[in-house]
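Listed next: structures, encoded as structure tokens.
Both of the next two complexes hold subunit A, though its partner changes from subunit B to subunit C.
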Partner chain A sequence: MVQFFQQLINGVSIGSVYSLMAVGYSLVYSIMNFSNFAHGGVIMVGSYIGFYLLTSAKVPFPAALLGAAAGAGVLAIIVERIAYSPLRHRSAPFLYFIISAMGASMFIENFVVATIGPTFKTYPAVFSRWPIEIGPFYIGRIDVLIFVSAAMCLLGLVYFIDRTKLGKAVQATSFNHRAASLMGVNTGFVITLVFAIGGLLAGIAGVLFGMKYTVYPQMGAITIKSFIAAVFGGLGSLPGAVIGSLLLGIIETLVSGYFSSQYRDLISFTLLIAVLIFRPIGLMGKVTEEKA
Partner chain B sequence: MLEVRDLHVFYGGIHALRGVSLKVEPGEIVTIIGANGAGKSTLLNAISAVVKRRSGTITLDGQPVASVPHAVVKQGICQVPEGRLVFANLTVRDNLMMGAYLRSDRAAIASDLEKVYTLFPRLKERINQLAGTLSGGEQQMLTIGRGLMSAPRIMLMDEPSLGLAPILVETIYEVIAEIRRRGTTILLVEQNAYKALAVADRAYVLEQGCITREGVAADLLHDEYIRQAYLGVKREKAGAGGRCGVE
Partner chain C sequence: MEWFYVKGILIQSGINLTAVLGLSLLTGFTGLFSFGHAGFMAVGGYAAVFAGMRLGLPYPLALLFGGLVAGIVSLPIGRLTLNLKGDYFCIATLGFGEAIRLILDNVQTFGGARGWPGIPVTTDLFNVAVVAIIGTFVMVRLVNSRHGRNMIAVREEELAARTVGIDAFKYKMLSLFISAMYAGVAGGLQGYYLGFLQPKMFSITKSTEFTIMVIFGGIGSITGTVFGTLLLTALPEVLRAFAIWRLVVYGAAVIFIMISRPEGLMGGKELSLAALRRLFGPRPKREVPS
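And then the complex of A and B:
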């Protein structure tokens, strides 16, 4: 029983990182209707920025976290401007966006390999590696940090989307660009904003992930997990992305804990396929078909 | 007030509007009637800058109308789009508030919201419902209400009666007359020529991208050609249709 709860705690921790990644992914999907595969590259660059801010610039941790978030946000905007915006203005087919996204993803990854190098880097110990003991359970300090930062970011995002005028404009634009623009919404600005938010969250996720594991140029591939989580929860749905991520994190750690970590990804992908077959809209997919 | 001069719009290779000119004076209801595909929606979308124009000028009180949609709304030109384009994922109240997106005068917004509710009591009963769950008629009321929330100087209405039951068409047209009485100028595009001509002051006939006739709405209601082509009145002797390019 103790082991089960211990795994659960670990699962929630990794699930929280997935959710930060999946939410940004889902947000872009909801407004642009395509999978932004460059998201992984943005996470990775955020992780590197955090790493260098801590090791070379030696700034305090909160500043490094914010710096990584800002840097990743800017990168996400640049990717949108260069890789997607020209396609958007030509009303290019959906497939072009995906190809452009893959190109951007490969470019970012190889750019980092070429400039920084392919080696793995380990974050300096910001916190004591000793876990916190609560009764029979051990909770890593980094896991607490991950959970708290992810929860704060997600609550902030929900507040923004549901409670602010601009957030409503994001929802309106995600439903229909033309109708939103006829209400006076600058949809180009809303799209830039959505990429920026996705990038901010990606930067934070990158730092947290880097601290828990390591930093390397291919770490963006982890977004495939957040992609699974987003599909699992329902692409385009923010609560769905969070729930899907937490479930995926928990399932993964339970599989690793009770069977073998070699089965972990096998199970995740089986889950993805099962969801796509039996419930393609995901757990909380957008069902906003008009009645008409 | 609103003036369109020699407007040309291309859709891909199709010459959708071929030199359209029209004028709307303050306080008027002007209607544009025409068959499906004549270019009526394109005309409204060109004014709203949702589609790009190839050439021609559009002015509001002598000032050029902007070339991006959100700036056009800011100038006081609001389009109520065809096909009840409500934000299905937002509540009725949020839909109406989206109409007031560019406004920040809270007191005036609140009072306009009340006015919309007096116009459409049905909407008030459903303020917290998601717009996607409304009936077709209610969605049309919502798009009109949403348009009014921008406090427009001129409202462009695209086929407000499309797909509605006759009794609802009646209601919508009463509302259109009421909106004008409250001081908003209206440019109305319709296939339902009879209803449109009955409510409008002046009318233009749009055929294959050209204005082929124009005049006082009441006169066009009795015009032989209009009666046969758009009002479904059968007569032995065919009247002459308008010719494109010759105004």
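And then the complex of A and C:
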């Protein structure tokens, strides 16, 4: 039983990182209706920025986290401007967006390989590696940090979307582009904003992920997990993305803990396929005609 | 440049072309976007090598067997996913492709993640050329047939196609089956060319690469597919002098094509003798309206 709860704690920790990635990804999907495969590259660059701010610039940790978030946000906007904006103005089919995103992802990843190098980098120990003991359970300090930061970011996002005027604009654009723009919403600005938010969250996720594991150019591939999580919870739905991520994180750690870590990814993909077949709108997706 | 090196590139181009032709039918002519074709290639590759080494089938039959198994595997997958639309179909194929790779990673009879070494190297330039030429010829005949036109109708407007009595689901299934067969044959060629198979070879990167080749050549054009594949297989080799920068250039090129010429190299047109004659021959006299 103790082992089960221990796995649960690990699962929530990794699930929180997934949720930061999945929310940014889902947010973009809800506005643009395409899968932003370049998201992984943005996460990776955020992770590198955080790494260099901590090691070379030696700034305190919160500043590094903010710096990484800002850098990743700017990168996300640049990607949108260069790779998607021209397609958007031509109202190209979603297929072209995906290919363009693939190109952007390939560019970013290999640019980092070419300039920084393909080696793995380990974050400096910002916190003590000694876990916190609560009764029979051990909780890593890093896991606490991950959970708290993810929760704060997500609560902030919910407040922004639900309570502010700009958030309403985002909701309106997601609901119906044309109607929103007829009502005076600057949809172009909303799209930039959504990419910026996705990028900010990606940067934070990158730093947290890098601290828990390592930093390397291919780490963007982890977004495939956030992608599964987003589909699991329902593409385009933010609460769905969070719940899907947490469930996926928990399922993954339980599978690795009780069976074998070799089957972990297989289970994730099986889950993805099962969801797509039996309930393509996910746990709490919005129903539209295009889906199934 | 050494002939051995050039020959290697040509063989790899032929193998890629076989796989990409199939994907071109699915993406270019039926409008379905697959990110899991490397999975079918893996199934075909392992099946062909199994048929050749364990069942003792001769090489051409082993390749066909590989293609057939890949096609059969695609049937239940198609049954389950072809009703999904747009992104969702794409994500589902991605899931299946990765699942196939992960299953092969864990099946120890075929060597698991370490791969299957010691396959007799049988694929040479002649074999590949024969397969690629037959493949191209069959594909050209297919897309110009009634069935090919029905697939194009499904791509253009599924609802309208259904209204005029085209069984859209059947044609999507047929298209997926044939394209999986092509990928399977290509997988067999690949295994018998390299002398070993490894699940890692058939990751999502491979599927993406194939899709990019189809798009680069131009949706809905077989000539485009052929040129696109040959060019994009050779491009990284030409750029090898830049070594680490070549994939950066490749990524930038893909974005550039999407934003500047999304219709691809051929833009849905075919290169044929008649088209060349129209392009270079004497201009037809314009009729002067009286």
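To be clear about the criterion, the second predicted complex is superposed on the first by the 287 of 292 C-alpha atoms of A that agree within 3 Å, B and C clash if a C-alpha of one lies under 4 Å from a C-alpha of the other, contacts with A are read in each partner's own complex, and residues count from 1 in each chain.
The rule is simple: a contact is a pair of C-beta atoms (placed from the backbone, for glycine too) under 8 Å apart; a residue touches a chain by one contact, two chains touch by 3 or more.
Because the structure is predicted, anything quoted here is derived from the model rather than measured.
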>> Which partner chains sit in contact with A:150 here, subunit B, subunit C, both or neither? Use first/second/both/neither.
In response: neither
> Who does A:28 touch here: subunit B (first), subunit C (second), both, or neither?
Replying inline: neither
>> With both complexes overlaid on chain A, does A:201 touch subunit B (first), subunit C (second), both or neither?
In response: neither
>> Looking only at contacts as defined up top, I'd like to know whether subunit B or subunit C touches more of subunit A.
In response: C
>> Quick check for you: in the superposed arrangement, does A:165 touch first (subunit B), second (subunit C), both or neither?
In response: first
> Just subunit B (first), just subunit C (second), both, or neither: which does A:106 touch?
Replying inline: second
>> Just to be sure I read the superposition right, which of the two partners does A:272 touch: subunit B = first, subunit C = second, or both, or neither?
In response: second
> Taking the two structures together, which residues of subunit A meet both subunit B and subunit C?
Replying inline: 290-292
> Which part of subunit A faces subunit C closely enough to touch in the complex?
Replying inline: 33-35, 82-83, 86-87, 92, 94-96, 98-100, 102-111, 113-114, 224, 227-228, 231, 235, 262-263, 265-266, 269-270, 272-273, 276-277, 280, 290-292
>> Going by the contact rule set out above, which residues of subunit A touch subunit B in the complex?
In response: 165, 168-169, 171-172, 174-176, 178-187, 286, 288-292
> For subunit B, which residues are in contact with subunit A within the complex?
Replying inline: 48, 50, 68-70, 73-74, 78-79, 81, 84-90, 94, 97-99, 101-102, 130, 132-136, 139, 146, 150
> Which bits of subunit C are touching subunit A when the two form their complex?
Replying inline: 33, 80-81, 83-88, 90-92, 94-96, 98-99, 102-103, 105-106, 204, 208, 211-212, 215, 244-245, 247-248, 250-255, 258-259, 262
